[in-house]
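Can you keep this structure in mind? I'll have questions shortly.
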Amino acid sequence: MSDLIRRGPMVLGLLVALALPLLLDDFWLQTGLFAMASVVGAIGLTLLVGVAGQLSLGHAFFAALGAYTYAWTVGDPAGQEAGLGLPPLVALVLAGVVSAVVGGLFSPISGRLRGIYLGLATIGLVFLARHLMVNLEALTGGFNGRTVEPFSVPGFSFSNAAPDYLAVAGVQFEGLHRLWYLFLGIAVLSAWLGRNLRAGRTGRALANVRDSEVAAAAMGVNVARAKATAFVISSAYAGIAGALMALAYGRIAPDLFGIQLSIDFLVMIVLGGLGSIAGATAGAVFVVALPLVLAQYSSQLPFLAAPGSGGLDAATLARLLYGAAIIAVLLFLRGGLAGAASRIRHRRSAHQRGTGGPPLVPTPSPDPSGATEPPPSQPAVSTRSEEKS
Amino acid sequence: MRNGTRTTLAIAGCCIVALAACSTKDPNASGNGSGGQSDVKAGAGVTDDAITVGMLTDLSGPFAAGAAVQVAETKAYYAQVNKDGGVCDRQVKVDVQDHGYDPQKAVTLYRSMAPNVLALQQVLGGPTSAAVLPLAQADHLYLGGFGWAGNSLKYDNAQIPGTTYSVEAANAIDYLVDELGVKKGDKVGVVYFTGDYGNDSLAGAEYAAEKRGLKIVPQEITPKDTDMSAQASALKKAGASAVILAAAPPQLASLAGVLASQKVNVPVIGHAPTFNPALLDSPAGPALLKNYYAFTSTAPYSSDEPGVKKAVDLYEAAAPKGAKGFEVPLAYAQAELLTDAMKGACEAGNLTPEGVVEAMRKTSDLDLDGLLTTSLDYTDPSQPPTRTVFVSRADADTPGGLKLGETFEGPSGKGYTFK
Amino acid sequence: MPDPLLTVDDLAVAYDSAVQALRGVSLRVDSGSVVAVLGSNGAGKTTLLRAISRSLHSVNGAVTGGSIHFEGRNLAQRDASQMVRAGIVQVPEGRRIFRDLTVEENLRVGGCTVRDKRARKEAYDRVFDLFPALAERRDARGGLLSGGQQQMLAMGRALMASPKLLLLDEPSLGLAPQMVEQIGDIIEQIHAQGTSVLLIEQNAAMGLRVADHAYVLEVGAITASGPSAELAATDEIRDRYLGVGSTSPQRTAAVKEPIDVPVHLQRPSRKAQQLRVEDLTVRFGGLTALSNVSFTVEAGTIHALIGPNGAGKSTCINVLGGAYRATSGTVHYGDSKVTALPSHRIAGLGVARSFQNISLSLEATVEDNLLVGRHRLMHAGTVMQALRLPRARKEERAERETVHRIAALLDIERLLGHEVHALSYGDRKRVEMGRALAAEPTLLLLDEPVAGMAHGESMAMADAIRAVQQELRLSILLVEHDMPFVMGLAERITVLDFGKRIAEGSPQDVQQDPEVLRAYLGTAAA
Amino acid sequence: MTYFLTQLANGLSYGLILGLIAVGFVIVFTSTGVLNFAHGSVLLSGAYLVASLQGPIGFWAAAAVGVVGAAVLGVLINALLVRNLAEANPGTAAILMLGVDIVLLTELTRRIGNNVLSIGAPWGADVVSVGGITLPTSRVVAAGLAIVVFGLLWFLFARTGAGIAMRAAAADSDTAAMMGVRPSRTGAAGWALAGALAAVAGIFLASFPAPGVAPTLALSSFAAIPAWVLGGFDSVVGAIVSGLIIGVVTALAVGYEAELHFLGRGLGEVVPYAVMILVLLVRPSGLFGRKEAVRV
C-alpha cells in the first residue's frame, strides 16, 4: 500500500506526460523535447557527481560527441559532410556507445584527479571539443554545423516531412508529437536504468567510493574501476542526451555544446538534489522550461518598459527572475527540489534530513583509517610553498 | 513487485485506449485551413484585419542593445505603414520574442511563433539563426534579419538585405588594390570571429587575394578576446599592408589603437557589425578617423539618400535619445523588404507564409531609395541580390560616426563564387 | 570552598540532531585547579570540550539540554571567538597546529584576540619562557616540528590569549614517555602561574598525576569522580585501563560458556590461514610509526594488538588492509604476500576490516551498507543490474536475506531500514562490524570494535565476536583500548609502544609484564 | 627576436593581470570554500563603476570608488547569500554563484547596452618603447601595480595579524575559530580582497589596448580559471606564477598562430586548458596546491 503511495506521483506524472501532446501547442512540445533530452543528460551526470562523487563540467563534451556521432551515422554518405547512412536506431545506440568508449578512455585521467580539480580539468574537454568541432570540418561541418537527419524506424517517420498521417483523439500527430513519445520513452528508460543502477551492487559500490575510497577498497571494490565505470555510464547518458538534442534541434553546431551547457547540467542536478534521479528530472525541467516560460509570459506584464527604451524590459526581467529562482532554491531548499519533496512527504518525522552530505561524526576526519595517528602524507613533506611570495 | 506489474498493466491499458482513438485518415487532407472572406487566401498569422509578423531577437544577451534599436525602428516602421492603411488592408502587428542569444530558446520560441506569424521579420544572431533557418525552411516561412552570412544563401526562404560578408570582403580587397595602393604580393591581415560571420568574411578575402595576387594573414579570435595586442604584433611582424576585421567594436578599438601605437599606419576595414560610433571618443578614436573604412551592404546612418532620411527621421521621432548606428537603416530596409514581399503575396492572392516566400523570390528589380546600393534581384536563391557595397569613412562630426564615400563593386566581388 | 570557575549542569549534546553524544553530564572546575576527565575513545570527551568552547557547530553538533556557566555567566548564545575573549581557550585534540605557518605566526594567531601590544609581548615572553624549544625554532614552519614540539606549540598558541581556563584535549597523544612527563611538568607550571586547566586524557597515569580532581566519562555519561589521589587508588581505574582487577571475571576462551547467539552464516569455502608479520617498518616522512614489528596470528585464533594511543596499532592494521604502504618488511597471509597487493586484492584473499573512525555511507541505509560488504561475493555486472535481469534480481534477493541474518547476529536487524546518520555511535560500530562480516572473511581486522560502547554492550559484542569466530573458524586481529574486553576475548596479545613491540603472550602474561604496566600506568605504577 | 620579446612582454603583463584575478579566486576559495563563478561580474561591476564615474569625478576618484565598490559587492554576496545557504557545500555554493552571475550580468548588460564605455585612464593610448619592444603604457602600469599589489599581499599575509589569521582560517577554520579568529570576518576580508583585486584587474583589462568597458569583460575571468587551477586551488603564489605561465603561453600561441597552423585555428582558446590538463596529469593538485580539494 505504501508502495502505491510512493509510486503514485510517478505513475500520475507518466500518465500526464503521455497525455500532454494532445493538449499542447508546438511551443510546449518543443520545450518538452529539450527538457526530456536534458533529463537524460542530467540523470547521467547525477550518477557521476551525486552518486559516485566525481565532479564533471565536461558533460557538454560527451553530449557533443553523441550528437555528432548520431548525425554522422545517419548522415547521407553523398552529402556535404561525411556520413554513414545507417538507420537512425543504430545511430542512437552508437551515440551512446561512442561517448561511453571515449569516457572510458578519459578515465585514467579522471581517476587521478579529484573534486574541483577534476571538475575544472573537465572544462578543458569542452574547449577541446569546440576546437575539434570547428576544425574537423569534413565530419562536423565546422562552425556552421551540420543538419541532422530526422529519426525514423522502418515504416514510421518522426518528422513533419513524412507524408503518412496519424491522429489521436482528433489531434493530428505531427513530427513534434511523435518525437515527444520517442523522447519520453527514452527518458523513462533512462530513469529506470538509472534507478536500477543506483540501487544495485554497482550503485552501492560507487556511493561507497564517494564516501571513502579506503573503506571501499577494503570491501573489495576496485576503486579505479568503479570510478571508470561511473564515467563510462555517465558519458553514455550524455551521448544519448546529445543525440536527442540533435534531433530536437534538427541541426547541430559547435555553439550548442559550449561550457554553458555543462554548467546548465550541473545547475540541474544541484537544484534537483545531488544523487537523486527524480531530482535530476525535476532540475532539468526547471532549468530548461523556466527561462522559456518566463520569456514567453513576462512580456504580458504591464509595468515593463519597451525594449530599447533603457528601462526594465520583459526579457531582462525574465533573465533576472531566472537567476533569482536559482538563488532562492539554494537558499531555502535543503537538498534541492528532491530534498524539499521528500520533506513534504515525511513531514511527520521531524528530523528527516535532506540528501545533503553530513560530515562524519563525531570528528570530521576525511581519513577513516586513523585520526590519532598521522596519515601518510603528513610531516615534513608539505609540497606547498608559503603563501607569501 | 506485484505493484509494478499492475502499474505496467495500467499503462498498457491507457495505451490501448489511446490507440483506439487513433486515426490515420486525414480529415482535411484536401482543405488548407481557413480561407478569408475576400479573394485573398489567408495563412498563418493572417486574420481579416491583421497580419502578424515575428521578431525573434536578442533583448537580454550580448546583442541586446543593437537589437533593441532594430525593434524600435521596426515597430515605428509598421506603425507608419498601419497609419497609411496597412498591408493588404490589414494592420501589421509585430510579435517580438527574446531568445537571449540561446539557440535552444530560439528554437523553442520559433515553435511558438511559427504557427501564428505570416513571416519572421528577424532572427538575430549567428548560432540562433543557424538553428532556426532549417526549421523555417521546412515550414516554408519567410525569414529576414539574420545578418549577411553567406551560408544563408542555402535557404530559399531567407531574404538577405544586400550582399554577403564574403562579397564585402572580396570587394574590400579589390578596393585596397585599386584605390588604396596595395600592391601585388602584399599581405593583408584578416582578424575574424570564429563563426558564420568571420569565416564568411575570410572566405571572401581569401578568394579575392588569390585573384589579385595578395597574401592573407588570418588571425582567428573569439568575442571574448578584446585585447588585440598579440594579433597586432603578429600582423606587424608579417608586414601586413591592410587589415580586414570581421569582429565587433571592442576588437576594432583595440586593434586600431595597438596598430597606431606600433606606428603601423594601414587601412583597417570592417563590416557593419564591426563599428560603433562610441569608439570615436575612445583612445582609439584618432586612429580610426585616419584609417577606418567600413564596407557595408546597407547605407550608413548619415547617408543623404531619401530612403535613409526617411528611416532616420522615423527613428529620431520614435526614439529621440536612442543610439545611432547601422541598425536604423538596416531595420528600415528589412521592413521594406518584407512589406514588399507581403504586398506581392497579397497581389498574388496568396497571403500565406508560402505566398510571401514566393513573392519575395519573384522580386527581380527592387529599389529602396538608397538604403541598399543597387536595385535588388532575389530570383536566384543561391546568389545575393546585389554585389555592390557602400564604402564609408569614420568621421567624428557625422551622426552615427560613418560618412558615406561611394558605392563600389570590384572584379573579385563580382566574381566570388559561393560553395 | 573556592569559587567555581566553570560549572556544567546536566549537559546533553547531540550530533546531526540524532546521535546523542553526551547526556546528563555535570562537572565543575574551581578557580585555580586542574581537573581531568578520563575516558576511552568515543566516550564523548572531545564533545564535552567543544561544548564548553562553543565550537560544536563545525562538527554538526548542538547542545540539546543543560547549561554551562563560566564565572557565573551562562554560555548559551556565545560563539567560539567570544569564548576566547572571555578567557576559555581550547587546545584541540591532535594538536592541529597550522602547519604552513611559522612558530611565531602560530603564536600570533593564538594571540589574535589580544589588542594591547604590551600584553601580547608579555604573552610571547611567557610562552617562550615556558617552552624554550619554541623560542629556538620561532621561524620554523609548524609542520617541521617534532610531535612534542608541536604539542608545545599548540599549548603555547592557546596561552597567547592568557586564558583563565585552558582546555587541553589529550596532550599526551602519540608522545614518547619522557615527552609526556615533560608536558605534565608544563601543565603543572601553567597551573602554578594561575591558569585553571580542564584536561581530557586517555592516559590515566598522566591525567591523575597532574589533576586535583578527576571525572571518568563513559559512553557520554560521568561514571565516577573524585579527588585524583582517591580515584587513582581505586581498582576501578586500573580495571578500566588495564583489565586488571576484581570486577572483571577471567572470561578467556578457556571458559566455554554456552553461546546463545545463533549463527546462520555460510562457512567460508576457504579456510583461515596464518598471518605472518615480519620486520614491518612504516615511516611517514621523518616519523617512524612502526619499526621492525613482527608477530604471527595463527589460523582460527583471536589475536589482539594493544598499546597506548599513538603506539602504531592502527598503522599496523592499515598496512595489513592495504590502506598504507609498508616502508620495509613483509606481511604474508598464507602464501600470499599482502604487502605487494592493492587493497581490493587483499580483500579478495578473504581479509575484511572495520575502521577506527567509522567509514560507513551515512546517507545509505544500514542494509545497503551491509550489502557493500557482499560486493566481493556478488557477480551481477553493471548491465545485468541496470536491466534487472532475473539473475541479478535473484542474487539481490538472496544477498538481502544473508544480510538480514548477519544483522540478526549483531542485533541490528531493527535498524536495517534506517539511514546510518541517524544511528548512535555504538550502533554504527556494530554496522561496520556487520559489513566486515558480510564479506565472509577468513581473517577479520577490527580497529577498536567497542569504542564508545558501555561495559555491558562491549561484553555482548565480545560474545558475538566469539560466537562468529568459533562458528566460522575465522582468524581475528583486533585493536582495542577496552581492556576487560580484550582480556576476555583474545587468545594472544601483542603490545606495541612507540612503534615497537614491547611484549607478546597470553592475556595473563601480558597483564603482569612490567614493561606493559609502565607503558600504561607510567613508571610509578610498575 | 624583437617580435618574440614583444610577445613575451605582452604575455607577462597580461599574465600579471590574470594573476590578480586568479588570486581573487584563491582567496575566496580558501576563506569561504566557494568556487566563485560570479567573479567575472564582480570584476565588470567594478570596471563599470569606474567608467561611469570617471566623467563626473575624475579617473582616480572613480578608480577608488570602483575598487571599494567591488569589494563591498563581494562582502555583500558573502554575507547575504553564501552564509545563508540552506546547505553549505562547495557544490551548492558554486551554483549559487552562477545564479548571482546571471543576475549581475543581466543588469550590467542592460545598463551598458552596446556602448563601449571608456575607462578614462590618464595613460590613454600611450605606448612605451624600449629597444624595439613596444608595450602600451597601461600594461606597463598594470605590471608595475600588480607587482606592488602582490608585494602588499605578501606584507598582509606574512606580517599583519589579520593576514596571518586569514591564513590560519584558510588552513583550518575550525581550529582558527577556537583561537578566537572570527570566520565571518576572515570570510568578509577574503571576499573584499578578491573584489578589490578584480576591480583593479578590470580597470586594466578595460584600458588600452582593450577598448573599454563592455559586457564581454566579464568573460575575462574565465581566462583566469586555468591559471587558478594550474597553480593549485589554495596557493596565492601558485596563482601568480600560473597567471604568468598562462599569459605567456597564450600570447605566444596567438603570436605564432601562423607557424602553429597544423594544430588548427583558434589555438589561443584551447592552449591554456591544454597546459592545465597536462600539468594536472603530472601534478594532480596543481603546481603549488597542497591538499586535494573538497568534493561536491
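Lettered A, B, C and D in written order, each chain numbered from 1.
The rule we apply is simple: a residue touches a chain if its C-beta (ideal position, glycine included) is under 8 Å from a C-beta of that chain, and two chains touch if they have at least 3 such contacts.
Since the model is a prediction, treat every value here as computed from it, not as a measurement.
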Note to self: Looking at chain pairs A-C and A-B, which one is connected by more C-beta pairs in contact?
What the structure shows: A-C
Notebook entry, point to check: Whose C-alpha centre lies nearest the centre of all protein C-alpha atoms?
Noted result: A
Notebook entry, point to check: Whole-Å distance, chain A centre to chain C centre, using C-alpha means?
Noted result: 42
Check: In whole angstrom, what separates the CA-based centres of chain A and chain B?
Finding: 34
Next item on the list: Measure off the straight-line distance from the CA centroid of chain A to the CA centroid of chain D, and report it in whole Å.
Entry: 30
Checklist line | Chain centre separation (chain B, chain C; CA means) in Å | finding: 72
Note to self: Using the touch definition from the top, which residues of chain B touch two or more other chains?
What the structure shows: 60, 64-65, 68, 194
Next item on the list: Could you tell me which residues belong to chain A and also touch two or more other chains?
Entry: 134, 210, 310, 313, 316, 319, 357, 382, 384, 386-387
Margin query: Using the touch definition from the top, which residues of chain C touch two or more other chains?
Written below: 58-59, 99-100
Next item on the list: If two chains touch, include that pair; go through all of them.
Entry: A-B, A-C, A-D, B-D, C-D
Notebook entry, point to check: In their complex, what parts of chain A are in touch with chain B?
Noted result: 3-4, 7, 11, 14-15, 18, 25-27, 29-31, 34, 134, 142-145, 147, 160-161, 164-170, 172, 176, 248-251, 253, 255-256, 288, 291-292, 295-296, 299, 306-310, 313-316, 318-319
Margin query: For a test of understanding, state which residues of chain C touch chain A in their complex under the given definition.
Written below: 15-19, 21, 41-42, 44, 46-47, 58-61, 93-94, 99-100, 141, 143-144, 173-174, 284-287, 289, 309-310, 312, 314-315, 317-318, 321-325, 342-344, 346-348, 352-353, 355-364, 368, 371-376, 378, 380, 382, 385-388, 392, 396, 421-422, 425, 435, 439, 447
Item checked: Interface residues, chain D side, partner chain C - complex -> 161, 164-165, 167-168, 171-182, 290
Notebook entry, point to check: Considering the complex alone, what residue numbers of chain A touch chain D?
Noted result: 49, 53, 55, 109, 112-117, 119-121, 123-124, 127-128, 130-132, 134-135, 210, 259, 263, 266-267, 270-271, 274, 310, 312-313, 316, 319-320, 322-327, 330-335, 339, 354, 356-357, 382-389
Item checked: Residues of chain B defined as touching chain A within the complex -> 3, 7, 10-11, 14-15, 18-19, 21-27, 29, 59-60, 64-65, 67-69, 71-72, 96-100, 102-105, 107-112, 114-115, 126-127, 130-131, 133-135, 138, 151, 194-196, 199, 319, 321-322
